[in-house]
Amino acid sequence: MTFFIRYLLTILIFFPTASVLLLLLINKKNEGLLRNLSTFLALVEFILSLYLFVYFKPDTYKFQFVEKFNWIPSFGASYFLGIDGLSLFLILLTTLLTFISLLSSYKYIKENVKEFVILMLLLETFMIGTFAALDILLFYLFWEFMLIPMYFIIGMWGTGRRVYSAVKFVLYTLSGSLIMLFGFIYIFMMHYNQTGNFTFNLLRLYHTHIPEGLQILLFIALFLGFAVKIPLFPFHTWLPDAHTEAPTAGSVILAGVLLKFGVYGFFRFAIPLLPRASFAVAPYIILLGVIGILYGAFVSIVQKDLKRLVAFSSVSHMGFIILGLFAMSAISISGSIIQLLNHGITTGALFLFVGMLYERMHSRQIKDFGGVAKKAPILTTLFLISVLASVGLPGLNGFIGEFLILIGSFRYFPVYTIVATSGVIFAAVYLLWMFQRVMFHEITNPEIEKFEDMNLREIFTVLPLIILMFFIGFYPIPILDRIDPTVIHFLSMLHHYRNSNSIIKLKTGLSNV
Amino acid sequence: MEALFYIFSFIAIFSALMVISMKNPLTSALYLILCFFAFSGFYVMLDMQFLAVMQILVYAGAIMVLVVLVIMILNISKIKRVETDFHQKFIGILISLIIFVEIIFYIINGSQKKSTGIFTGAVIKKIGNTQIIGEFLFTKYTLSFEIASVLLFVAIIGAYIFAKKKF
Amino acid sequence: MYNNILPAVYGLNLIEKSMLSIIPEAVIILFAFLVLFLTFFEKLAKSKNPYYLSLIGIGFSILYVLMLSGRDLNGFYGSIVFNSFEVFLFTAILFSGLFAVLVSKDYMKNSNMPNPEYYSLILFGISSMMFLVSSNNLIMIFLNIEFMSITAYILTGYFKGNKRSTEAALKYFILGAFASAFLLFGAVFIYASTGHLNLYEIHTFLKNIAYGGLIKSGGGMGINIYLTAGLLLFLTGFAFKMSLFPFHSWTPDAYDGAPTPVTSFMATGIKLAAFAIFLRVYTLIYNFNIINFNGILWLLAVFSMTFGNIAALLSSNVKRLLAYSSIAQAGFILIGIIGGGFYGYSGTLFYLLAYIFMTAGAFTIVIIFENSDLISLDINKYSGLGYKYPFIAASMSFFLLSLAGIPMTSGFMGKFYVFSSAVKSGYNWLVIIALLNSAIAAYYYIKIIVKMYMPDKEMLNSSAVNSEGAFGIINGAVSDGLIITIIICLFFTLLMGIYPQIFINFANNSAASLWKI
Amino acid sequence: MDFKELITWLIPAFPLAGWFLWGLFGKYFKGISGYLASAFVGISFILSVILFIIVAYSHGFTDTLYPWIHAGIFKAGVTAVIDRLSIIMLVMVTGVSTLVHIYSIGYMQGDKGFSRYFSFLNLFVFSMIMLVISDNLLLLYVFWEAVGFCSYILIGFWYEKKSASDAGKKAFIVNRIGDFGFAVGIFLLFLTTKTLNYQAVFSMIPSIPAYTVTAIALLLFAGAVGKSAQFPLHVWLPDAMEGPTPVSALIHAATMVTAGVYMVARFHVIFSYSPAASEVVLIVGTFTAFFAAFIALTQFDIKRIVAYSTLSQLGYMFMAVGIGSYTAGIFHLISHAIFKGLLFLTAGSVMHGLSGELDLRKMGGLYKKMKTTAITFIIGGLALSGIPPFSGFFSKDAILADVYNKGFYFAWAVGEITALMTAFYIFRLIFLAFFSESKLDPKLHVHESPGIMTVPMIILALVALIIGFLGIPPFNDSIFYGFLHVDFQNAHIFDPIANNAPWYFLSLISVLMGLSGIYIAYILYIKKAVSPEKIKSMFKPVYLLSYNKVYIDEIYDFLIIKPLLAFFNFLWKVMDVKIIDGAVNGIASAFAGFSVKARKMQNGLLMSYILTLSVGVAALLFYYFVR
Amino acid sequence: MSNYLILATIIFTIGAAGVIIRKNLIVVFMSLELMFNSANLGFVAVSNALNLVSGDIFVIFVMVVAAAEAAVALGIAIAFYREKGTADIDEASELKN
């Protein structure tokens, strides 16, 4: 057991890979077995990941479940894993959502089942690896390769302009992350020049001394990588396409986990590595985030395609998270982290529902629906709960995150916070309007008459998410307890940079370069 | 010597120009042979009689005979299209001139290494240039020599493969 | 008196050392002759004997390389060297040759050319590359470059009666000879300025000048200008072989017209050898001139990457696409040389090794698709192959991802290595440009993957894929040789991507010996 | 957890359990769910009464169920505060809810969403209870929104009707606009006080700069404006009548809409420290009271008339809390809850009898057919008009007297005129519906509602009759004042009593106003001495203004919604697709263009290849010169 | 000696110009030979001026290479002629883009 706990992260990372090897042996035509087995394995993985939660010590900021082995001594790269409060929950989210998306795709994925389940499990490996890696090179390895399974999932099982979307997704993200790679290499070399050691150990790189002007340039480099992933306002256009055309499972993972990596990157890398620059550019990034909140909401209002609407709503939600993160107050960062989970849960659920609607109607156009509530009360109820969670209705999870973000950010960025708060109104507008048009009214489309309510599998698919929505809404303490030390430590690393007059420093910094 | 140099130079440059400007490849080939003779003249002036002989034997003798033979076999003298692509010629000559000017610039501005070798004209005359070349060829450059032989062998295979009509 | 000139300093056991230093090459040449010898016996020639004989030869050579590894030899009065650098490159070249032989069997059979000459030419090519890599004087360099080139010309035009093949040979030959002439003319200037042909002697001479021994060594300031001219012209020849922009123009046409195994051989072996010898010449000579050659290389690298990637974007012929990509890859490799130093050169070598495996792998798969004669080189015909040949298509995707530099592959590690070396030396913009180029490059590599896995419905119907409906591998199109090649390439591409340390050590040793003079 | 704390948490627990049960297993309960739901709420009511007694004879207390959120310095728990204010509200809420539940069993009989209805109704009761008892602003805000959600879902209960679901959505969104201000207020409050707990906040308010308090108070009031449907966010309430009538009675008359008033009263410390904010509350309240009554004058939809009267009465309450007469406000809140609930229930009964008919022009003479309904309705109407001894008289009069006594004569005058208008329109309704000659569709089978509906009406009517007596003796000597005043002791009194007019003087004026309103209605609709048509044509513009609800909806639509939608479309179709994505795709196609050019270099002609190579050589050699 | 180098450069450039402007395969080949020869001249002149002989050795190897190239070149020329019926190198334009 001690062995198991000690190497739990490695086991978690490579269990899906091992599962893939097992699945490779199964005949392609045996689709039922492939589906059941892969789902079961994903469930096992999720249960394994719960051990993380159980054995996680909530009272320390130190990285836990640390594993460290030499990997590439020449670069000072090591196989260095460890989690803190943030990665703990993101890993749990990942395992849960992977399980759920596999469960959700029983009906949606009709061909090439084997490839699909293999790619999903492979993707899981990389996602968990990315969250657990504390070595920048290892992180980058996982980070970048993650694109590939996702790319296949969108491209092979997507709809409509799936190839265009898949390629756009990959190129967009790749361009960003390559620039980010430059930033990493630069910091790595900088550390070498200062100490004479090659190391990719993140905890040691934190101590690299970087002059302010340079910090800002490097921050921009890292920013591009993370901002595309989030996606922040002007870098978002891959998202509607990718989300819209991806299969349900792809959208769930994409929205639920992949978007989190940008924020995670900021939290783990960009801000602690470049604290001065972070404070200097925070107002601008928050501006982008706030623009994203409103912009995403505004554009969502006029969408005609369900999935595209949900996709744009992600832009809006991620804006909140960025606001909370860069406001750099303990409350708002806790809120951001909670909201990261919430967004994964809620938007994941929304995509699942949209997927169910699509499976039944083969359309995602809002105008093709109407009156579904009459035929499918369970679907309506659960969908409504998810919609309301996304709207940020108190008592559900979305509220906790949004509220903490806003109340925390208000101290440092009152104007932006007020503008961001108005985003809550528009969230209600687009989501409720959409819900009304899809679910309510008289049935006009004769297809709807044949509409079936959710079956047991589908209910079980979304049930964990619905439960979580209520759970986090009413009792977020178990989560907040565990992220609190992390956040406090994060801020304590930064606190002496806060009072630098950021805007002036930014100007001088740029003119020095 | 000076005069001889300029005479040979004139011949070499003139015949080289003729090589590239004659319409009939056969004429070009003949001018090329003339050019090679001029070169062998230079070699004699530079105390390398052996190379002069080799120049005549290998180039003028072997290679050019081969070339002329191919020209005759293929009857290439009849050129389908007249080469009147003025545009391309102009650019080509311009580029060559630029390269020429640039290299000349390097030559004029630079200077070669001062002589440190021991094989002065007198030494070479005393030993005989053929012997020197021979000794070097079979001691220091043995490997090169062997490789050269393999190279020629491969070239023969190549010629055979290309010229063969079918496998 | 001149007897003293032939230096006795090379030691007593000159012959033994000399012979020892060329054993790997000699074995290859021996087997080349043996293979050729088979032509005399029609029965032997017709069967697969030449193929197996070549494999045996390569195997022996590898064996000898392994046996000799760790030694530090130079033979034939310093005209050839053999140390860790050579061990590394010989291994790589022999792998490249091994792949060329392995993939040829069916290809040659399918194109009705089961000839022993072919295999012997490949072997001669391998030996010329090995000689080139270990060359240590200008004569050897020139001679071996020509040797290698002539072999390549012949192999390129090996398709008798195929207009494209002959045309490719013609173009390759004229351009190659033209570039060689420049190289040769450059050698004149290097010779004029230093008076030496041996690289080490030139190196020592230049070092003396650089560190003030001007008069003693008999030089003057002007020799630097001569040297510059010589090095610039010399670079032309190398750049041609490395297919750097603007000396790249032969690459797409020659790669396209040549038989695909030969293309693979050219793309891997010749490029490798050219880079290796350039690396040696560069470290020994180029670094000591008044011109900052890094500036020139910077430009060459940037132009090569950009041109190669941009030209490949819309290419629809897989071979041409890979050719353009190889131009771009050359630009990437050059970054390591620009980055310089122990770290940079080691990175370059690492990248070269990685490049061999991924390129050979990619070309092998092109050959498989070519062998199954339903499919041409047009990438549109690749539609849906992912479903029909899952293993092969997956491997192809993997190689392409590696070429694109996606992590978990050797391509990423190589890129990372050379880029970090450039950052280390302060070439930040170069790295940024290169990274942006990688992003562009990803597009066209991914384009092929798109075709294989995400075909349009109409394209799928029109292509022949559905006609059979079966999945698996076409009979006859894939033989053991091809599969072995793919597996080796996959193995190394993956291993170098996830656990590169052993290869880095190998490259480090090899790079370290560049300074062992 | 001792007895009173247990009771405290049991009160919301029953409705919450009800929500789960009917929501998840409604199918299996079928018709019983209505009775069970009523029973659950009834238990809550009984518990509330017990708690009321406990509190009345001891003192208030707070209790934390569990810590809810803590992040950094932010802490909030699920905490209840039981004091006199909240316990009065509790009793009122659970009491009215119980009656409405019982009434609903009859009203909703046979609806296929029967269980769903009760499930959400229970959820509403739960949320409302929690809203009333919550001890920090965050919890308040949570249930503030939760009741809004219940209102949304119950307005849109008949979701097939587009107007119903539209109205629900409108209610939610308009409320959100108010809540936006409320939320910002909470942020500001937290920023200045570092806590959201009531007592902690209140204790710090005196030490906070006045302008900050004003800002906080105004922002919080924005939430109240939304929730209590004051001008300019009143637009959702009339539309909310699309929902089932009991819902209107419970949520949109008796309980939820009064939450705004409750909130202001609860935060009396904040408001009383900001005279400016209180002034704004008064102005908004006064204006809304008049404005809504003005619209109600000419409407023909009975539920809408009652709805506008609700707006108007809420305006009165805000007048009261605006001048610092919190007890008067709460008193009117309670009495209004009773009689307005009654009015709605009776209106529902009329609808029930007429198979959903709401138009006054198609009614008449119902008195004979639905006696119970008519009588109870008239009781409600009299209460609304402020005719003694009905409850409305006492409560409204207390407010108007306070307004007068504190010197706001203009507001007082407006209030009196509004009282006249109120009496007029409600009796216009009564006369047209119950007394004038029948204009009913003869095919319609008009019938009195079943007992299960009439009994709650009767109970409410009785309560409306008696509850006013809590308000005697008048003014600050009343029983109600004496009971509740303890909670408002901390209020900062900024308006000294200007007058001390005798109560009978003011009451007389009010009663006269009410009676004259009834009289005018009598003349117009029973006597028909003057034709309404004639008056209509005399004041055509004013009539149109009133009839069309002052065009507020149209103005919003034209000034805000349409331009915004156009802007959003612009953002999507031009900004997103054309500019941002266009730039991305433009880069891609630019590269494609470069690619075409680059491949043109590779034109297959050896000549040009050689030329490229030579140019390369020339350039390389040139490098030396530019070095 | 720089005289010789200048002369060599002149011949070299003439050869280069020939390669660039001529379209007859054989003439192009002959121009290439001119270029190689000029380099030879340079080597001989340099080794003469520096009193060395290694340059002369180089010349011999260049001659070997030239011979080998001649063999291959003429083979290619014949093959090309056979396929196209001409020695015009512009005809070699099938491989492009």
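Letters A, B, C, D and E name the chains as they come in the text, with residue numbers starting at 1 for each one.
Methods note: a residue touches a chain if its C-beta (ideal position, glycine included) is under 8 Å from a C-beta of that chain, and two chains touch if they have at least 3 such contacts.
If you're wondering where the values come from, they're calculated on a predicted model, not measured in any experiment.
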Chains shared as neighbours by chain C and chain E? B, D
When you average C-alpha coordinates per chain, which one falls nearest the overall C-alpha average? Tell me, please. A
Let me check something: if the centre of a chain is the mean of its CA atoms, which chain is farthest from chain A? B
Can you tell me which chain pair comes out on top for contact count? B-E
Measuring between Cα centroids, what's the chain most distant from chain E? D
Please tell me the distance, in whole Å, between the geometric centres of chain B and chain D computed from their C-alpha atoms. 103
Please work out the Cα centroid separation of chain A and chain E, and write it as a whole number of Å. 64
Taking each chain's centre as the mean of its CA atoms, how far is chain A from chain C in angstrom? 43
Rounded to the nearest whole Å, what is the centre-to-centre distance of chain A and chain D, using the mean of the C-alpha atoms as each centre? 37
For chain E, what residues touch not just one other chain but two or more? 1, 5, 12, 15-16, 19-20, 23, 25, 29, 46-47, 49-50, 52, 54, 57, 61, 64-65, 68-69, 72, 76, 79, 89-90, 92, 94-97
In chain D, what residues contact two or more other chains? 599, 602, 604, 606-607, 610-611, 614-615, 617, 621, 624
If I count partner chains per residue in chain B, which residues reach a count of at least 2? 88, 92, 95-96, 99, 103, 106-107, 112-113, 115-119, 123, 132, 140-141, 144, 148, 151, 154-155, 158, 161-162, 165
Touching chain combinations (by label order): A-C, A-D, B-C, B-D, B-E, C-D, C-E, D-E
As the complex stands, chain C meets chain A at residues 387, 390, 401, 406-408, 412, 416, 419-420, 423-424, 428, 431-432, 435-436, 438-439, 442-443, 446-447, 450, 453-454, 471, 498-501, 504-505, 508
Contacts from chain D onto chain C in the complex sit at residues 591-592, 594-596, 598-599, 601-602, 604, 606, 608-610, 612-613, 615-617, 619-621, 623-624, 627
Which residues of chain C touch chain D in their complex? 170-171, 174-175, 178-179, 182, 228-229, 232-233, 235-236, 239-240, 245-247, 249-250, 252-253, 291-292, 295-296, 299, 307, 310-315, 440
With touch defined as at the start, can you tell me which chain A residues reach chain D in the complex? 168, 172, 234, 236-237, 240, 295, 298-299, 301-303, 329-331, 334-335, 371, 373-374, 377, 381, 384, 388, 393-395, 399-400, 403-404, 406-408, 410-411, 414, 417-418, 421-422, 424-425, 428-429, 432-433, 436, 439-442, 474-477, 480, 484, 487-488
Which positions of chain D touch chain B when the two form their complex? 607, 611, 614-615, 617-618, 621-622, 624-625
